[in-house]
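Each of the next two complexes has subunit A plus one more chain, namely subunit B in the first and subunit C in the second.
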Partner chain A sequence: MGMFESAEKFEEILAGFFRHMGATKSIADKLLASKLIIRFNYTDPDLVIVVDCSGDQIDVRPHDTETKAIVEMSMSAEVAHRFWFGKVNLTSALTRKEMVAKGPIPKVLKLLPAVQPAYAMYPQYLDANGYEKYNITRAYRPPTA
Partner chain B sequence: MGGYAGQLLYIDLTSGLIEKKPLDMDFARKYIGGLGFGARIYLDLIKDNPDVDPLSPENPFVLMTGPLTGLKMDGVARWTVGTRSPQTGFWGDANVGGFFGTYLKFAGYDGLVITGQAAKPSYIFINDDIVEIRDAGVYWGLDTYDANDRMTEDLKGQSKRTGQVVCIGPAGENRLCFASIINNKRHAAGRTGMGAVWGAKNLKAIYAAGSGTVAAAYPEKLKELKNELKSVYEESIYIAALTASGTPAHIDVGAISGDVPIKNWQMTEWDGFNEIGPVNIEEKIFAGNKTCYGCSVACKKDAEVKDGPYKMAKGPSPEYETVVSFGSMCLNDSLESIARANEICNRYGMDTITCGATIAFAIECFENGLITETDTDGLQLTWGNSEAIVAMTEKIAKKEGFGAVLAEGSAKAAAKIGKNAADYLTTVKGLEAPMHDPRSAHGYALAYGVSPRGACHEASLNFNVEGGAMFVPEIETLSMVLEDHSSENRAELNVACQDYGMFFSSCAVYCNLGAVPLNATQAVDMVNFATGFDFTLEEVIDIGRRVWYLKRGLSNLFGARADDDRLPKRLMTRMEDGPTAGSLPDMDKMLAEFYALREFDDNGVPKKAILEKVGLADLAALLHDGKNG
Partner chain C sequence: MLPEFFEFYNPTKIVYQIGIATDLKPELDIIGIKKYFIISDHVISDLGLVQKVADGLANVGFETVGRYLDVAQDARLNDVKKCADLVKASGAEGIISIGGGSVIDTAKAVNILFSEGGDLVDDYSGAHTLTRPLKPHIVIPTTAGTGSEVTMAAVIYDEDNKEKLAFPDKFLLPNLAVLDPEMTLSLPPKMTAATGMDAMTHAVEAYVGIQSSPISDVMAAGAIELIMKNLVRAVENGDDIEARGGMLVAATMAGIAFTHSMVGVVHAMAHAAGAHYRVPHGVANGILLPYGLDYNFDFIYEKLARLAPVMGVAAQGISDEDAARNVIAAIRSMTGKLNELGALPIRLRDTGVPEDGPAVIAEGALNDGSSFYNPRPMDEEELLPYVQNAY
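Coming up: the complex of A and B.
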């Protein structure tokens, strides 16, 4: 078992965060403009979440294995968690296949600027929703004299 | 044998003597090609008089292809140039894509060694066996775009196939110390002022046309490898990103990790990335895809600015380094102005990294009152003032007014400006750092420090490996897991990245972008299938190590010492927020470990024993006994 004690807890946290992003207009507008349907396949714990940007609003559907996704992203829960803190070297993760992406990659890469504000939102979301223990941020404090 | 064209051209511009020498295959086995050939030949030519003035006729210039250049494979169209740099005073070199290297091999030559100085502006005409030094009077003064077009048109019909032009612009003619050499308007030998050396030699251009081909020793095996690599390339997201957006694809990825410098390396986050990033490039200025010979990656792009103050006809689009140098480094979010600055640099023939970084440095001097409008000829050189940034780019190109001060590069400009201007420098060995922040990946700091040519992310494969684009499972050090924001294992990593990197991108002359998906087995196989040699991985690493010591030794010969391996204060200042908050490379530790691994003395010079061990006894004698061994 990785850093999440159960698939249920991981789902609660991550699907909740995706919904939080979907409710944030500045991010949601750009995601909706992409019209992408992305299936995230997580391991350790195993979980599938579909983020559907093809409609009028972001639809987050855990356990959806039926919908035909445009993009499939596979990674461990830990890599996913660190990604949303902005702490994953994306180039390295993709090269070393810690993240595997299938589908129209240029369209996915175009979403990076759109989701960038989410890196700051994630630790705040964790703290605000009782998930403090999952917040791996260790804020730098300048040395005092 | 295959891969090689089989001849080297020696051209003395003073006497007009042109010699064709067969390529010695024992030499080829020992140095492979590219800068392996170039640096070795260069040392042989200067070892009786190592203190050669970079802009004197006595400074030789080497232009070398690799054994793969000209094959129809992805990521192998590249060629190299090298000489003593007029910008840094140390060994300088550059690695270029495009078509020229291929056409030179089609003509039957693996490279050129150019010595002397022509009495008047000249160009070298090559068409198979015909090699001539010709009058370039009509082309002198033309920018690289016009010179390229006019020479191509004028020489049409003089060869079976239309040739390729590589030339300098007015910046090189005027010996601007960071002048570049440009093939086909877009493929630049950008760094360390190679174009100024041509200018000093009165050499405007080389035109190469040939009726031959580049044949592999084992074409069937090469074809099989090409088929094997097809799926590797199809699965590579790195390649997909390059194909889609070119090198600017890195802006969005690099911004996440704090790799992209902002405001002359003083900030870690900036909203302007949305304006200058790949999404906006595609929407606002993209005008088509381009590529190098035989490469399906097509990471080069065209741009066009249809109207406004920065109107620009369809032409080469700015690469990542240029977008950042003239963009976030100057807090300039006007994409159109960046495209225009890029066009000025290309046309005049100037290195965009040094030019943009020098302007960012000057803006900081202006902000802090070290220079005023009186100095800058009335320009308000302020952060984000795109109009002033473009105007200053042109002034630098023309060495006009304050542009003449900045045309010396930021290090020499800081000495002229005085006061605390040096605090704003981002140079190592006089070369401005590229647009990758060592506070995001500590190994970059060591790579910049110990690079023979000055701060450079391409002087080894460290950027590719630590940055994550390259994974070489056959070499343990190049596949280890590295702790983020740590200086642990970086000395070991740098050594491995230099040894393998010299083989990969300096000698075989693989592209550090388009050939990134290759593992070591594939990279060595391709060289063997092309040449007919039977290199092992261990052997090419040994060759790479020899070539690295050779380049390092040349810089040592030109005076580089341990102090020159240090990073400037600006790059060694801890950031207080953002993705790199608190992260600072431990240079003392990394340098101490590196010096031990490389067997350097305290002065930063490789010890005699290690130079002899890697097959450079003559360099050892020059460095340690002060004599030609």
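Coming up: the complex of A and C.
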């Protein structure tokens, strides 16, 4: 069992965080400028989330397997979680295949500076929304089976 | 202090010798194939360097089954497709690329299609999408700058969609890098200076970068020492074979360093200057390197200070801040000498950047992927005065 007890809980947390980023103007403006449609494929638990930046506002769509994405990012839920704490070395994660990125890499790299402020937002978001136990910057204890 | 995690992967065999590009039998015997396709450009071919290598191959029983010489100044997607078709039809078993970064990157991308088939954009866009080794690729660099002979990426320009595509993949690392200083003797002084400062920027940014490791540090510092000793010499006298050799090895070491440790604000600014004002990449790096170090100073001075002995500016009993300032001054002194030799501009205004250009460059730098790896968190307003200083 991974860090999240269910796909529903992981979706609640991560899709909620994506929507929180989408409502943060400084980040949303840059994401919208990219016009990218990104599909995140997560495992353990399995979950698909599309973040669509092609319109006037960020649209976060869990379970969307139909939309043709420009970029597909695949990773475990734990890697995704650590990424939003700024605790994943992206280059290493890609070379070690902890993350698999398909699509135009320069466009993905351009997004990185835009999402960097989100690293500080993620633990605050977890604490503010009742997800303290997932905040690994507090006192992370691995879940027991 | 050691990083929490690092990885070092460099399977490319590197050989160095004056004249070795025409005497590759021991290395090619180990690779074990006989038929090679050469990828280069017309400038290199007109200098006789392609024929020289082909003759060397023929003399020891290897066959050149085809040549593609139409590689443009930027590696282009249509060239990759055309060239791959020719390579496939030629009966080649491997590729030899002879040239600078564009030629080498073209050959890397060609090798994907040659080895695996398919469509480069549809099937291989992404990071590390390849699943097995490609066919043998031997690289003979004719510039001392990009380090592409030891990096795991190919950057290809899609002229139809007017965008740069990047293919980072460990299977793109060439099998063999042949460092023969004779192959760089014809590089003109301005190109020597610009490509040399490109290598210097790779090394310095890799050394102070947030992903540096003790292994990449050794490569970066070694490259910097060689560049300090040899770049001005190679510009002053292009026939100085020892200086040419030093620069060739330095560029390769810098390539190994930055393919692991990445680059930062200087490259971010140089990419923006290139995209908006066509400032050649090495020239932009040469101009902007000291200003990028100034911008990062508070975040890097302790480590930068360790380069002082390497750069020949060590002094007893001075603070890290002063030692780091000496390092930046040494870089300025070198670019100043290159400028006096007429080989390198040291102001953006001398490269066609307009008066309002620094603001555009600062904004562009902030949106460049390299800024993600910069030691100092990037801020457009804070960066702008440094770009203006470089103007």
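By our rule, the second predicted complex is superposed on the first by the 137 of 145 C-alpha atoms of A that agree within 3 Å, B and C clash if a C-alpha of one lies under 4 Å from a C-alpha of the other, contacts with A are read in each partner's own complex, and residues count from 1 in each chain.
By definition in this document, a residue touches a chain if its C-beta (ideal position, glycine included) is under 8 Å from a C-beta of that chain, and two chains touch if they have at least 3 such contacts.
Here the structure is a predicted model, which means the values were calculated and not measured.
Upon superposition of the two complexes on subunit A, a steric clash is found between subunit B and subunit C. Shared-chain residue A:Tyr119: touches subunit B; no touch with subunit C. Contact with both subunit B and subunit C is seen for A:Thr95 once the two complexes are overlaid on the shared chain.
Once the two complexes are laid over each other on the shared chain, residue contacts for A:Gly86 go to subunit B alone; subunit C is not touched. Of the two partner chains placed around the shared chain by superposition, subunit C is the only one that A:Gly103 touches, whereas subunit B remains out of contact.
Remark: of the candidate stretches 42-50, 348-356 or 546-554 in subunit B, the one overlapping subunit C after superposition on chain A is 348-356.
Residues 89-92, 94-96, 101, 105-106, 109-110, 112-113, 116 of subunit A are contacted both by subunit B in one complex and by subunit C in the other.
Listing the residues of subunit C that touch subunit A in their complex gives 5-7, 9, 125-129, 163-168, 170, 211, 262, 366-372, 377-378. Those residues of subunit B whose C-beta lies close enough to touch subunit A in the complex are 237-238, 240-241, 243-245, 249, 252-253, 255-257, 273-274, 277-279, 467-471, 484, 574, 576-577, 579, 581-582. Taken in their complex, subunit A has these residues touching subunit C: 30, 72, 89-92, 94-97, 100-106, 108-110, 112-114, 116. Note for the complex: subunit A touches subunit B at residues 86-87, 89-96, 101, 105-106, 109-110, 112-113, 116, 119, 139-140, 142.
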